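To start, the structure itself, in structure tokens.
Just so it is clear, A, B, C and D label the chains in written order, and each chain counts residues from 1 on its own.
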Amino acid sequence: MDLPNRIAARVVPHIPHGAVVNLGIGIPTLVADHLPEHAAHLQTENGLLGVGPTPGPGEVDPDLVHAGKQPVTARPGASYFASSASFGMIRGGHVEVAVLGALQIDARGRIANWAIPGKPVLGVGGAMDLLVGARTVIVATTHTAKDGAAKILEECTFPLTARRSVDVVVTEAATFRVDDDGLELVDLAEGVTLDWVRTHTAAPFRVAASLTAPV
Amino acid sequence: MTAPVTPTRPLVRGVAEALAPVRDGATLMVGGFGLVGAPLRLIEGLLATTTATDLTIISNNLGEPGRGLGMLLLEGRVRKAVGSFFTSNPDVVAAYQAGDLEIDLLPQGTLAEAIRAGGAGIGGFYTRTGWGTALGEGREERVIRGEPHVYHESLRADVALVRARRADELGNLVYSKTARNFNPDMATAADLVIAEVDEVVPVGALDPEEIVTPHLFVDAVVLSGRA
Amino acid sequence: MDLPNRIAARVVPHIPHGAVVNLGIGIPTLVADHLPEHAAHLQTENGLLGVGPTPGPGEVDPDLVHAGKQPVTARPGASYFASSASFGMIRGGHVEVAVLGALQIDARGRIANWAIPGKPVLGVGGAMDLLVGARTVIVATTHTAKDGAAKILEECTFPLTARRSVDVVVTEAATFRVDDDGLELVDLAEGVTLDWVRTHTAAPFRVAASLTAPV
Amino acid sequence: MTAPVTPTRPLVRGVAEALAPVRDGATLMVGGFGLVGAPLRLIEGLLATTTATDLTIISNNLGEPGRGLGMLLLEGRVRKAVGSFFTSNPDVVAAYQAGDLEIDLLPQGTLAEAIRAGGAGIGGFYTRTGWGTALGEGREERVIRGEPHVYHESLRADVALVRARRADELGNLVYSKTARNFNPDMATAADLVIAEVDEVVPVGALDPEEIVTPHLFVDAVVLSGRA
């Protein structure tokens, strides 16, 4: 499995069976491929509840796409709605889980995922609404940037997407839960050491008792 | 199309089971325009299967004398009513004059908008309706594009009781003609949403273009007994 | 024809062919019976565009009523919608004509039709929204109250329904147009004299040239 | 049911005739999420049959390079864009950096809500989205039920160009799947609303429960040529 898919697969255990879930663009979109059949109702903010699998080559309907503008299908029981209604669902707290990507995450679990200082700020999409409105937010991201720099930082240097902290941060190496005291490391991927995570994480975090117990 | 997502628990409940979470002092939204589109079986169930009292009812009207929400009023279960037209039920006027009922009167469009806003995560909004009238008095004013508006905060409830024609097994709802009225708005604006329907159909039986209330809004479905 | 129907019939010439029209409760509702077939699209604020005639005794559908809660039918091309959408149409200026009743009308054409001083104020319905939102508002009312008192007054003594002036006032005796200078009498019903109107109207009004020309 | 109300003038127009009222400096809402549900024939018509320029475009995106609204941009017709996601078209970034294009960036939900509010006669509203971020800076704040919100005024346009699947002869509209997106909201929020459809059906052919955009919002219908 490639890196993005490894991360996506690690998100699955955090999604309750039957939940209504919105998957952001990028790695979050891949989560769909790893969810057990029928485990969740996927909402996409361009106006569909009940996103199904990617269509086969002959089955593409140009009027049926997800928020990443890629072709999808609709499951039985799906419904279509206007953008204002879709964001009413999102802002109104009717989407249980949003899985979002992130450029940076701070020590309080707040994320930056829409703008980079020094570049023109010309796109935000639904990121701010999802982060404010979803009942639970899971971040799915590589542990470090392409240049190896830490993405989990004391403070974000990029503009925040919202003041709200996310609930879970999932990387290829580690999983953190977020509470009022900040980040808690709750899981290490197979073959990853606590030392590796400490070296590649620039924010303080607690380590769950389950991970420090003698083996 | 692939198979549907299996519901995690049975959506269709008995009246008593569905209404069990209603607490004393709760705020309830109740659909309907008069008795048209009112969830009458659920309202009867509130009386017959719960002891919930001291209720705040958000509904366009309070039923008719001894019918619909009018029964709830006569049983002394209603502390406060938020709506737009109560004069068609003389019992409401009497209860108000006796000091037994608090009333918050809103223009009908403002009521509908405040419910829709509550469901859509909008904190409040400005409307021209009511500005410069007795119902606008004491409200914050704001001139927008040269026109005076008044501020209203959005409305939310603990429980919404709505009436639909048909549900599928996931809880997607479609309505019947003008019995739609406040029901789809209220179905978005409460922590617990219970829909009374005539009929439950299999998942996939409703046209995805035609569904008015997507299932993510609906927590429980009760049969009206009028299929 | 009884008095309410005589008033309703006098409203018809003021409704453009093909207009979207909302008829208030009472005399305004009767306007439907006097509109030429197909002349207008009737909107009712409880969620229907395309109100048709009253159904026959065996054809009543309890789910199909107008804002006065009486049974109606739906014409071909009708549509149903939620209350929030219906008032979006009304407030948003998409209803061309509203015909409303009135308890009082002032010299500027502002109306009072929802509350009476000294009585508990427990009902307003859609009156304020319609008066604020409809592009043209026509009042259809008896010229005087049941006790013979004038309803058209210098100032309303009942609470106003909105600060907005109506456009036309139609009674069984007279029709007034409203502009920035107040009321202008533009029509007298057959057999009604200017003197009668002056005697039964407690607000100043101008008289259109067409009515004062020598006969 | 009785006979339908006869339309007073033909609703279906040619592209040039429908677009003739578009003036220099006009504000246009244009439906679509990227190119999905975008009224491509009307956009092409703006270029081919009008000289309208100095336009303000309210749309989620500005098309793709040389496609949809992207064409309008390359022809120098667009002065300002109001939307939520422009980075997918590098031409937009270039025009902005060259100082040729003004941009007003809104969160997508705020954009949709502002359009819906404009159509529904709501002057402005409060949302939590964007509070405490760069996009919330300088906006009026208000704490509602303990949560900070920011204020947004509603949006209106001179002309809306929307894409639907099907119209009836009165102008009632139904949409196709996720090509619905911003189109029904925009159809409510402009002085002149032109709908591009694949097909026009007789009055009565659409189910009254299924109509998404009632005809009172629609001023003209143009055929997409893709029936």
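Here, a contact is a pair of C-beta atoms (placed from the backbone, for glycine too) under 8 Å apart; a residue touches a chain by one contact, two chains touch by 3 or more.
Computed from a predicted model, the values in this text were never measured in an experiment.
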{"item": "Smallest count of steps, each to a touching chain, taking subunit A to subunit C", "value": "2"}
{"item": "Labels of chains that are neighbours to subunit A and to subunit B", "value": "D"}
{"item": "Chain located farthest away, centre of subunit A as origin (C-alpha)", "value": "C"}
{"item": "Pair sharing more residue contacts (C-beta pairs) when C-D is set against A-D", "value": "A-D"}
{"item": "For subunit C paired with subunit D, centre-to-centre distance based on mean C-alpha positions, whole Å", "value": "34"}
{"item": "Distance between the centres, which are taken as Cα means, of subunit C and subunit B, whole angstrom", "value": "30"}
{"item": "Centre distance in Å when subunit B and subunit D are each reduced to the mean of their C-alpha atoms", "value": "31"}
{"item": "Where subunit C touches two or more other chains at once, by residue number", "value": "74, 80-81, 84, 87-88, 90-91, 132-133"}
{"item": "Residues of subunit D whose C-beta touches two or more other chains", "value": "113, 116, 120-122, 127-128, 175-177, 208-209, 212"}
{"item": "Chain contact topology (line, ring, star, complete or other)", "value": "other"}
{"item": "Full enumeration of touching chain pairs", "value": "A-B, A-D, B-C, B-D, C-D"}
{"item": "Complex interface listing, subunit C residues touching subunit D", "value": "17-18, 20, 37-41, 43, 49-50, 52-53, 73-81, 84-85, 87-95, 132-133"}
{"item": "Of subunit D, residues touching subunit B in the complex", "value": "113, 117, 120-128, 142, 144-145, 147, 149, 153-154, 174-177, 207-210, 212"}
{"item": "Of all residues in subunit D, those that touch subunit A in their complex", "value": "33-34, 36-37, 60, 84-88, 92-93, 96-97, 103, 105-113, 115-116, 127-135, 165, 175-185, 212"}
{"item": "Subunit B - residues contacting subunit A, complex", "value": "1-8, 116, 118-122, 168-170, 172, 188-189, 203-204, 206, 208-209, 211, 214-217"}
{"item": "Interface residues, subunit A side, partner subunit D - complex", "value": "44-48, 61-66, 69, 74, 80-84, 86-88, 90-91, 115, 120-129, 132-133, 159-163"}
